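Two complexes follow with chain A in common, the first pairing it with chain B and the second with chain C.
This part shows the complex of A and B:
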């Protein structure tokens, strides 16, 4: 495209944009009676008007384009720190009234009498996340290996899209199923089997179970991706020196895709740790130090979901919930950085 | 190994089956095409068209915004524009943002709402929360597909005298198109199904939202509200809503498959 046609094209767009924004500004003043929109559109109009007097050369187009992209990219970094700063600032109020140790290590959460101890909730969160990962990781690793290496091609072609779709199913749907299916099962079958007869079904174990199921598709689809990117020569080399299929899987595939598997597990962990809605639907929402796995509990994320309605009546509660959100953010931050460092080391060591 | 596949597939089929078998019977034309009447949560009539429209009004603008921001960042992260070590730093930041639970974005918006004295909720903050949620998802997916664009293709464009921005907008964008479509629809799917960020920011309403400061109903929050009611008949409506949500997600994934296939015809291998 020659410079002149580019210029014409751009000019046409500018003129069109100018007319549209002028019309919108008039519309927002007289029809919507909205001053803010009027000013916004007027400013756009004036900028576009200015553009009309500048000759748009390709060089200018290039400069403007890359400056704009730089601006957006810089603003996302800004957003990252803004998120952190706003959360810290919001939680300053609770931190000034209660010390950090008493927040983290006292276990009475009674917003109405002004006690905000998070210890029980933190313990519950750790238990639920750990159990769900204990269930999810081995099962999904084994199924990923089966799907990638052992399954017939037909089966693979059906299963892969299915798993991908399920990775996108909203958590509230999982929560609803857990409510309908797993709560009665845990109440009537699993809890009595383990000798706790008074479980209502709304328990830490139920939450861990549904989290494990939510994490399956995520770990499996990421693992499949990294299994598939292993060069076939690597597998053939192993098989040709007489290794059995399982030996190949264990010693070659797991090693070669080690970083990918680790990344999948970290991502699954993050999802399980921060899941809010599905957990709050089945966990029972009581801030107690658990006496058994089949008793009710509360995780950090579900604490926010079940307490936010009282924010307007107890102002300090808002600050406490912001502090909880800050905790979630920081844990995710630390885990991601840790994951990044581990991955970097791992991919150096397991290079092939 | 086979047993674990059966566990995984069984539990996932169970989830879908439960929603389909409980949701489909309680679905009717009337429930899909009417807005809720007053006392919908107490067993009154009406449908949940307001929630469907509300969800779309939240997720579509959020996806649009996140797409514009995401594609600008993803194109800028190429080593043609940015030093790779800085780009990697930004990628780590985006990955962290991706991992941040959606409820944190909800709290973030709630904090701002409290600070400016707004109570109840509004469409605007719902859109902001969803945009924040979708930006890392869309950006990283587009970024991954841009990484796959062969360097030779870009060099060809440069050797013909095109500038960096022209190369990015015309060559790289077109070559990365399947990834861009997949990323945007992935973000949209996450946005429309996310309950935690919406729950804290949009409130509830029986009508269509008419301005950005209105409260609105949305599909995920409606499920939560319906389920928390003691009445069994009301609870059954939750399955109908969940069924609609599941169908939307399924539809998105079918559209993704179709569009990626269609657009990958035009890429140079």
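This part shows the complex of A and C:
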């Protein structure tokens, strides 16, 4: 031990006191033969030791805490890979019996006769998601910008909680409402209006409609978040050159919150793409490409929901459904990565 | 027009309350045209509020109540039925921290021009170049006009904001402590620019540094707790203050 560390050690009064009291207790036991002194000094020693120990445990807690957090985080990341591995392993069986192209590009889905073509379902998924986003994005943007920029403060404060609650309503509630309200409306009014008289109301369009409604609150809420974070001085800068409010909104606010809006759209897309129960309640559950939007269809997610009860009777169906799940997983993954990349580029470009 | 006594902005019994808190009390001031008027006073005395009432920017915030008259070029801009963007176009604003719009350097200057004038691409480019030259930024940015404005340094950004403001040919330039976020050299550049610009524009400068006001102002308005304590020419204000509070402020006794 070098003199300087020794010095440091003795500068610490607790350590010094501890050593002295230990020495004194040994002294009192062996030299003075006095048990009372021995106990007193031993107690002092233990107390000082505890003091020191508390210091150590604080440090220990700090280390343990960060390790624990690391462990928990690592397990979550591990879960991601575990899920991917399970999905890939589960789909191996169907992939060994059917070629990938025939799975993706054949459109006959007849599990009982061993045909697992997903093309129709993939097309339906794309159509439903696209239509729901086409309806949801413009309406949500307009309403978000109204709430953020035009609405009086009172209105803002009243409306905000409603939107947040709407975002948290379980999707089966939306599905049920769609079943009771949208299905008849589509059957009796909307489909005939577009010249399709034989629609049962259970259709791609109905599904897209309810998806749009489920996506509204997510997009509105996230857009509000990013509109509200724009500094007031940026708006002042635009207004002070004589721009009107609408010009400011269109050219400055939309641009400045571009990354936020994109993030909101990506999240909304994820919800619409993966939504299961509400869709399967109103889409008609038929694995075909309908001739019109008002015909029945099936999305990837609702396919799993409406087929999983048959898994025990047709073993290979389980593998086919896992393959569908893998597709969902991969698309959501790709979309998220894409969103992340776009966001990073956009926020560099549109910084203010 | 060259008469220095021309009054550009005049307020009559201007009262402003924010959330029932009286910020400006009975303000009666006159701001001469084509001069640099400094509004000074300790922080929180209502300088910025007064400045923003001139181009009706106050009302975009909640809970603002404005009473009284603000006469610009003989028109009370507080009267109803006026087109507010037209009022604002007359007055460029430079804020404390530069806020370039989220677009390229070129588009920042062209922003107001695109709104108010129907210029073709060539005229637009010329106008942008003129404005950037006017603020001494042209040589620094001419090779990267289409880079995002956020890549400029803070000092450059502030000059860009100035260029954006003068592009729409305002009559007045309102400056809200434009140098407080800048380093001394960039601040000096802005000061020099303001001195140059007062030939063509009426410049109103809110500042909390007395020395800056002394260096650049022709006319001074001293605000203290929402009231105008003293106003007059810079020479008179600094050399021969009449009000005891002004004297105390100049001596650094109140702040």
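Here is the rule we go by: the second predicted complex is superposed on the first by the 296 of 352 C-alpha atoms of A that agree within 3 Å, B and C clash if a C-alpha of one lies under 4 Å from a C-alpha of the other, contacts with A are read in each partner's own complex, and residues count from 1 in each chain.
Simple rule for what comes next: a residue touches a chain if its C-beta (ideal position, glycine included) is under 8 Å from a C-beta of that chain, and two chains touch if they have at least 3 such contacts.
Please read these numbers as outputs of a predicted model, since none were measured by experiment.
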| Can A:244 be said to touch chain B (first), chain C (second), both, or neither? | second
| said: Just checking: does A:93 make contact with chain B only, chain C only, both, or neither of them? Give me first, second, both or neither. | reply: neither
| said: Contact-wise, after the overlay, does A:160 reach chain B, chain C, both or neither (first, second, both, neither)? | reply: neither
| message | Applying the document's definition of touch, where does A:235 land relative to chain B and chain C: first, second, both, or neither? | response | second
| said: Output check: A:174 vs chain B and chain C. Expected answer is one of first, second, both, neither. What do you get? | reply: first
| Between chain B (first) and chain C (second), which, if any, makes contact with A:252: first, second, both or neither? | second
| message | Let me test your reading of the model: by the given contact rule, A:304 touches which partner, first (chain B), second (chain C), both or neither? | response | first
| request: Over in the complex, which chain A residues touch chain B? Could you list them? | output: 58-59, 61-62, 65-66, 68-70, 72-73, 76-77, 79-80, 83, 86-87, 90, 138-140, 142-143, 145-147, 150-151, 159, 161-166, 168-174, 176-177, 179-181, 213, 216-217, 220, 267, 270, 273-277, 281, 301, 304-305, 308, 311-312, 318, 321-322, 324-325, 328-329, 332-333, 335-337, 340
| Of all residues in chain C, those that touch chain A in their complex | 52, 55, 57, 60-62, 85-86, 88-93, 95-97, 99-103, 111-112, 115-116, 148, 150, 161, 164-165, 167-168, 174
| Considering the complex alone, what residue numbers of chain A touch chain C? | 153, 231-244, 247, 251-252, 255-256, 258, 348-352
| Which residues of chain B touch chain A in their complex? | 1-2, 4-5, 7-9, 11-12, 14-16, 18-19, 22, 69, 72-73, 75-77, 81-82, 90, 92-97, 99-104, 106-108, 110-112, 114, 119, 132, 135, 139, 163-166, 168-169, 186, 189-190, 192-196, 199-200, 220, 223-224, 227, 238-239, 242, 245-246, 249-250, 252-253, 257
